[in-house]
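Consider the two complexes below, in which chain A is the common component and chain B and chain C are the respective partners.
Take a look at the complex of A and B:
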């Protein structure tokens, strides 16, 4: 029975993978036809370089959505991390070894606080993370209102360095996704996230520490936002209190386009990865073809509907 | 016998206390907030300030009333703010300088809104797209259409009467507040007294049971999305008149504020629970908090922090067993 259920889940996911994969292929073909520079190695590495930030925040969102929640604090948290790093390293550039772990730990802690608040207060995660987002944004603005600060050259390197022609950031992203996927599928802790997302009450009756699993999912999301903030700082070289604002909603698109159900319990990181690829490549293609960003919005909206509008199961 | 009788009234009383608390929790919170506001800032209770607060609250209230309908059937609508701005841009499309054009503007806005709501509802009900995603896509699409039409720089030709609708008064009462009151009363009757209202509650609490009882959940859902969008469209016109100038971002932030207000007001995200009056109380709390932070002269960043804490705190205080 459970094997059958597993199969059904796989099939539904498989359909999302096929749709998204098909769209990616379509973009590749369209790109090749419409522009002779789209399929060059240079643009490929450029696209790969852009994957990391969206990829990481979407991965974090995937954990939370699988567990049955939603994290709307991601964007503010990413901005806060960039401001913290740029301010701290502007003050003491030699303390990179301290600043980076500190930033990541703080980000994970903020995520954990989101989780603790939803568990302890029993308030809907939409409200909790929205409130948290407002608090983080306000706190960040107290330290920096305009983009600024600086980071040492060595840190900038992680965003731009290539190994064998492939950007380090893309390799990091693939490794992180692979670990996340294995963790979710093969370990007890990872599978518990699916269990809680599928039916929190049943999970609780089966003796799972639902509260702890919830907090863990949010902490992972916070950690992912922290790493995303690190790479974003490395790329821009400054801290910007508004740079992450759009990432909150952007982080959700690849998750759901990749077949993860917003109600929780179904989906996975592979779909998210495909979703991130699709969104990033689409943006790149539209830029190449010279489509104004106004029409890019329309096309993105239509793509969301096309990608999910024909197989998503209604959240219950 | 005696011990049972002795315990019974007590337990019954505690249950009813809990019920009262759950039912009027937000009203109590609003009362506390108002007293605190009056004590903390002498400016707060001045008529000018109160009218100002209510005038600002009205367009948000219109959006929240509609949002409540969608949340009631287990949805949410993220496209309301984008629709408000799109309606605002549409209002300028007539390049009207006389007030004769106002009815035309309203009709056009309502038709466009109803269409948007229908598409949202159709996607959610018939295509099984999650409400979050359907309305997110709609938000982005409307944004694209709007910017493509205006080229990023909208013109601001509006009939002079628009600003009267938004910030004018009749017998000292803001016109937009009266409009909100009328909308709230009409929609309260629809929700709590009409057949559609009963069907909304049934679909919201259990779509399958509703279906088995001969209700078409899809039609009810679509109706809710249409109501929501039309409310948002009207809210957009009133906000536009208040702001006075058209920008591509009229109503920005209203999508989340409207959801927060409705949820604080006891409209459960799990569907099937809530009242229009409760949703409006949520609006009052949100607007009073904003105003209070402003009056106390806190910097903008403190506003955000306090607002965030109070939103979570109010939701926890009221705690509507949302899952």
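Take a look at the complex of A and C:
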């Protein structure tokens, strides 16, 4: 009896993966049929190049959602990082070695502050991170109102370089996801995220340092947003205070599409990875067949609601 | 192994207060190694707060704790845990989405190569601990797939991971029975033999005599008695907990003779699969008990009368007039109230203050020109709180923060105001401690004496027998008989209830309280 239930449960998560995988295949087929340029190597590498930014912010969001929270400051943080890098490097292009670690450390710190505020003030993370998002956005605008600044050629390279025909950024993303998966499944710190997300009060009664774990999840999300900002700056070559605005919502879509439940405690990065693939390829396909970006917004909203509804219904 | 001179933990003059309540008042409490120490008390007596103080989840306002010879002041549960204290709370602290092994080794996941958690070692270690307990639970099963008894064993298995010195069990037998209790006790004896100190909380006195060495009784946050179990009788335990004699539990029966007319008259009622053929009458000032097994259709009859459930055939008359409109609103407007068995889901708004809860069903009466008159609402609430002896500092306290007994009194006071003809009660004292029960019984009788008809559904036979003027017995959707007041006894009711069903089964389910 319980063995059967266990199988069902595994199959259920497997089913999530299969459905998303099936949709990805469907997009590939539809793309091949609707456009003779969709399945070209050129477009494949183009899609692979695009994965990194959405992939990283979604990974960060996965940590936070698994832990039972939500991070709505991601988009502003990404924008702030691009502005910081482009401004700093416009001034001193030779200090790349300093600017990049500084940007990542600052992003992780902002994330940690989000975590600390939710722990200390006990304010709902929705409000804390939304407020933080506004603070960061305003602060960023003080330094740059329009896209601008510059970065050295060497940094631009990380967004475009290929190894064996495959974009470096895509390889980086796969490696980062693999490490994240291993970390979540097989280290104490990673498992703690599942414990706190599963039941924070139970975690406390089991003697876990719930506060510390919470801060860690938000700090990781901040760090991921920082790296995403780095790649985005490399790709665009400028700092743009509004470039990340849409990323906050976009970071949630792959997480819920990939089977991580918003209540926390269940899911993982593999599903998020599939979700990132699906969303990126879908957008690419829509571009190819000439669907306006207004519809892409609508589709994005529908997907996120349907995905959450789907998982809620199946859980009961 | 037993060393009576030393102590595992020693609490001296522990105090803890919250606004309006003082759950712990100068409490002394000592547990010795190799001792099962029973902690008795009504709900709200301070037992849970005491265990939380010991476990580091609550910090006392005053007093000292000496643990293994050293004075300690834990800041959080982790510190207490690390030193060998394990608490099994009533609400199990398990992660339902995760597997058994991971739950058992929650803070001690075995690590293998490169410092990564080893899945194999984890399951091997968990299986080893479960084998020590003598239970066979698959370590890969998820917690939410297990029956409650197994979940509890997982919780106990967690205690064995570290070096256990003090184990606290908060009503562990509330969710298990028979063989599972035996297994639990066998494990407790084994741990006691190893010198572990055990604090055991339970409402079942027979268990205290079976397993405990020492008994401490808490009442209103104070220790009222503490003696070896052999030096205390059952009666002394009850008296200590309740603070009064048992004979005074039920109020005197009806003083006003019921008049001839009826407030409620049901004839040949059929409503859904569970109500086949029900006829009964309730007269003003009368408490009519409805007994029968769970599933006999008792609750469904009440729902039909209150308009929550459509009827297939038969009639329901209130004050001689048929119940026309089948909606709760219509019943409320005709002076009928229904106190449902599930007070948290169907009755109370836990996040709202007492005052709002009390006036909820007839807001119209406190509304002026479309606005709720808050001062009038509070005034009504204050009067009700006084009349119904709800223990609260103010009518603005959230209902969710009250004890179960006080929540029930709030609900009761709400419906008493509305029910000037008929009040239906479904399990009116479920989850309520004995002290609050006595008050609720008194309130029910007072309401009946004022001329209201009361229909009371209950699974607790002593309560049905003690309070009712007359008892209607149901089985499988039919009224199978009636026992008049002078002939009332648990045996008489049971004899009727089991006429149509397997006798043993019925006895087991009817006798939950026995």
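The rule is simple: the second predicted complex is superposed on the first by the 286 of 316 C-alpha atoms of A that agree within 3 Å, B and C clash if a C-alpha of one lies under 4 Å from a C-alpha of the other, contacts with A are read in each partner's own complex, and residues count from 1 in each chain.
Just so we're on the same page, contacts are C-beta pairs under 8 Å (C-beta built on N, C-alpha and C of every residue); 3 or more make two chains touch, one makes a residue touch a chain.
It should be emphasised that the depicted structure is a prediction, and the values quoted were computed from it without experimental measurement.
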Contacts of A:294 with chain B and chain C, given as first, second, both or neither: first
Partner chain in contact with A:199 - chain B first, chain C second, else both or neither: second
Partner chain in contact with A:308 - chain B first, chain C second, else both or neither: first
First (chain B), second (chain C), both or neither touched by A:191: second
Contacts of A:141 with chain B and chain C, given as first, second, both or neither: first
Contacts of A:39 with chain B and chain C, given as first, second, both or neither: neither
Dominant contact partner of chain A by residue count, chain C or chain B: B
Chain B versus chain C as contact partner of A:182, first or second or both or neither: second
First, second, both or neither for A:207, with chain B first and chain C second: second
First, second, both or neither for A:14, with chain B first and chain C second: neither
Footprint of chain B on chain A - complex, ascending: 72, 117, 121-124, 126-128, 130-135, 137-142, 200, 249, 252-253, 256, 261-263, 292-302, 304-305, 308-310, 312-315
Contact footprint of chain A on chain C as seen in their complex: 55, 57, 76-78, 80-82, 87, 89, 92-98, 102, 106-107, 109, 111, 115-117, 119, 138, 140-142, 145-146, 158
Touch list for chain A against partner chain C, complex: 2-3, 5-6, 9, 182, 185-188, 191, 194-195, 198-199, 201-209, 265-266
Chain B to chain A touching residues, read off their complex: 74, 123-124, 127-134, 136-141, 143-145, 147-148, 152, 256, 259-260, 263-264, 269, 299-309, 311-312, 315-316, 319, 321-323
